[in-house]
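What follows is chain A paired twice: with chain B in the first complex and chain C in the second.
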Partner chain A sequence: MNLALVLATLRQRFTSPIRIFIVLLFGWMPMLPILLAPSAGFAALGDCYFIALALAAGMIGQDLSSGILQLLLARPVTRAQYVFSRWGAVAAGTFLITVLQTLAAALIMALRGAPVQWDQAALFLANNALLALGTAAVMALLSSLAAGLGDLGLLFLVFISAQVLEKLGMLKSWEWLARGAGELSRGLKPELDLAPFFHGGPVAWFAVVSYLSTVTLCLGLAVMVMNRRELSYASSGN
Partner chain B sequence: MDGIRIESLTKTYRAGQVRALDGVSLEIAPGEAFGIIGPNGAGKTTLLGCLLGFLRPDSGRVTIAGREPDDLAIRAVTGYLPERPTLDRWMTGLDFLAYYHALARLPPAGRKPEAQAALARVGLDPEAAHRSIRRYSRGMLQRLGLAQALLGRPRYVFLDEPALGVDPAGVVLFRRLLDEVRADGATVVLNSHQLDQVERVCDHVAFVKQGRIEARETLHAGATLARVLRVRGPAGTIGDGVPRAALELAAQRAGAELREVAAPLARFAVPDDAGAVRLVQALVAAGVPVTEVTPDEGRLERLFLEDRPKGGPG
Partner chain C sequence: MPPPATDVPGGVPPHPAGSPRRDPVLLLAVAALLLALRVVLGFHEARPPAAPTTGALSGADAVRWRTLEAGLVEARATNRPMLYDFTADWCPPCRSLQRQVFADPEAAAEIESRFVPVRVLDRQREEGRNARWVDSLQARYRVNSFPTLIVTDADGRESTRIEGFMGRDATFGQLRGTGVSLRWGVTQPAPTGRR
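Showing the complex of A and B:
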């Protein structure tokens, strides 16, 4: 990872008014249930998926379409470093928002006289950290494939396709199709529930391997796509 | 060798349907300023893209100081200004230069002062340093782009139409900066349609047409180039009092060729600088009153105008 790139990505994401609006919407809306029922605990906050999407959208694609990537990659930065830095920055930004969310929720609980369960807070943060890393990895792959904000379109397209195929598989009793489409759908939101670990039990190996393989595959493919990509405005008229 | 070597470079687009580069070979010596000129669609930007490692050639090879162009050691000493650069619009000018200073792996201690000095170097005032880039004019963007390209004393500088959209004062400044960069020993590759700029800055120039190097010219001091001169005389002389035959005779003696007479001007083609001197001497000796001798076309413009057989050097 390249620290300058990570910091620049974070600054870029947090200076975009539309992103800030979406992050505030999805970051502070879940405070409402905590305000109304403080004893509901941190689980009432939901997860950081949409915050991650808001920060991740166009993370590579916007550089591709704007031409910034040429200037950037003329510097001593490998394409893999570029992808990992964007991924790391989006995940870190999402996690930062989640930490602020958790602290705000804890404050509300304390002020409303509800007990603050710090083990629940730790579980909430750990699960969301993994979700942020996973979602950022998926978006890194989609963003390397599509210019601009096309990654959101691709995400929607894959999601809808997976849903349709899953339903078709169930309808026709094609278990392989239903399972495959279901995995694809779940792969768009890679998460790992660490609750068993926090409660003293083991986390299922299948879940761990599935999560890690999804994240690794997405990042590996994103780097591969970027390494194969030619950067030019020449082909359209030099 | 620390220079740039291009060997039999071929690059096609659209599954081979468009041949952007067709067996281009060049050597650019270290410290040389090399111009790439040619008509639109000739393959100049593709060539620059291959030199920077942005494009993968179908065949052939580019090496810079014996390394691949995308080698990080080469990137660390490379400065690049693309045509119509897109800069990070959400940053201020100073932030942008500090960011690229960091990306260039330059020492953090000098980041802010060097970014400020780079801004001043391209003539951007201190107020612009703290202004958002999205509020920069076209010329200011170009200046900022050049400041970015010259950060950290690069050894290889690639410039694609650097003076595009820049005011005349900026053009003069750019030329001075390029002179400084060259004096510092950097190798400069300049892709430009502004032939007078190329002529003033570059030692050598390659004329690219249809993906091939159609001609290579030497431009540095003392080099000679064939060109067309326009000779003017007082009213009633050339084309009137002085007959065409006298002009033809003078041209013949000087080894030049009379192209056209249209009072009070005559156009002569000369083979080189010495030929130009001989022509003026022959005209004066023949009693032709000469008030002005000017190049009818820039030395490089000739490359665009001449028809030459396909498959020239390259």
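Showing the complex of A and C:
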């Protein structure tokens, strides 16, 4: 990972008005239920998926379409470093918003006289950190495949296809199809519930392996795609 | 595009970080390994549990499902949350859930001690319509896929929703997230689905 690239990505993401608007919308709207019912707990905040999407959209694709990537890669930066930096920056930005959200929610709870359960807050933050890392990895892969904001289109396309295949599998009683399509669908939102690690109890190893497999696969493939991409000022569609 | 600077003979210094296009071999190897493990665990999770030895009706649920009315009365009387199982006969993941969780006598006993279980069986496909209470509950809790497990208090306020079936451990992990203490799986050396 390259710190300069991480900071540049964060600056780029947090100076885009439309992204700021979406982040504010999804970051602060969940404060409403906390304001109305402070005892609802941190779970009422929901998760950071849409914040991650807002920050991740076009994380590589926009550099491809704008020609920035050619300039960036003229510097002593490997393509893997570039992908990992983008991924890390998006995940860190999302996590930062979640931390602010959690602190704001805790403040509201304290001011409204509701007990602040810090173990719940820690679990909420840990789960969201994993979701941010996972979503950023998926978007890194999709963004390496499509220019501009095409990654959002790809995400939607894969989601719809997976849903259709899952329903078809259920309709035809093809368990393998329903299961496979379900896995694909869930893979678009890689999350892992760390509650067993916090509260004890059996760990769902399949969920742990699924999460790690999705993240590593997406990152590995994103780097491979980028390594095979031909970049030149004369090439079109990059 | 011309070959990377490192490949140009003479003149251009080598890239400080090695080849700029080096594939992350280690990461890809770990990803492949995890993917293989995921497939193996996926098959393992989907395997039906061994036949119960005591206490359960063979091939049937070990959970004693309450009717809606009886369940509501019991939930109020015992102050236990309701556990609605929205399911359908034609749905393969629902059958997996039934086999791996509800048919297991230990899991069932634990569920019954913590929740008041009510099954909401969809018959739309088989009979063209559902009982009114089924439609009403599906609409109330916005159920649009099966299986869906919903935990509510006796007044019907939803606290947890579990859509789909990710395996017995994941299901119990999410049920534990309801704040209701589930002993099952903690005291057992291994869940029965992994025997």
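Operating definition for what follows: the second predicted complex is superposed on the first by the 232 of 238 C-alpha atoms of A that agree within 3 Å, B and C clash if a C-alpha of one lies under 4 Å from a C-alpha of the other, contacts with A are read in each partner's own complex, and residues count from 1 in each chain.
By our rule, contacts are C-beta pairs under 8 Å (C-beta built on N, C-alpha and C of every residue); 3 or more make two chains touch, one makes a residue touch a chain.
These numbers come from a predicted model, not from an experiment.
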In the overlay, answer first, second, both or neither for which of chain B and chain C A:Pro76 touches.
-> both
Of the partners chain B and chain C, which touch A:Leu5 in the superposed model: first, second, both, neither?
-> first
Have a look at where A:Glu230 lands relative to chain B and chain C in the superposition and call it first, second, both or neither.
-> both
In the superposed arrangement, does chain B or chain C reach more residues of chain A?
-> C
Where does A:Ile18 make contact in the superposed view: on chain B (first), on chain C (second), on both, or on neither?
-> neither
Once the structures are superposed on A, label A:Gly67 by its partner contacts, choosing first (chain B), second (chain C), both or neither.
-> first
Can A:Arg179 be said to touch chain B (first), chain C (second), both, or neither?
-> second
Figure out whether A:Trp205 sits in contact with chain B (first) or chain C (second), or with both, or with neither.
-> second
Is A:Leu219 in contact with chain B, with chain C, with both, or with neither (first, second, both, neither)?
-> second
Can you list the residues of chain A that touch chain B in one structure and chain C in the other?
-> 73, 76-78, 230-232, 235
Please give the residue numbers of chain A that touch chain C in the complex, ascending.
-> 73, 76-81, 169-171, 173-175, 178-179, 182-183, 186, 193, 195-196, 199-207, 209-210, 212-213, 216-217, 219-221, 223-224, 227, 230-232, 235
Complex interface listing, chain B residues touching chain A | 13-14, 18, 20, 40-46, 48-49, 52, 54-56, 72-73, 75-76, 78-80, 82-83, 85-88, 90-91, 99-100, 102-105, 145, 148, 158
Parts of chain C lying in touch with chain A, wherever the complex brings them together | 1, 15-24, 27-28, 30-31, 34-35, 37-38, 41-42, 44-46, 90-93, 96, 146, 164, 166-167, 169-170, 172-174, 176-177, 182, 185-186, 188, 191
Chain B touches which residues of chain A in the complex?
-> 2-5, 8, 11-12, 15-16, 66-68, 70-78, 230-235, 237-238
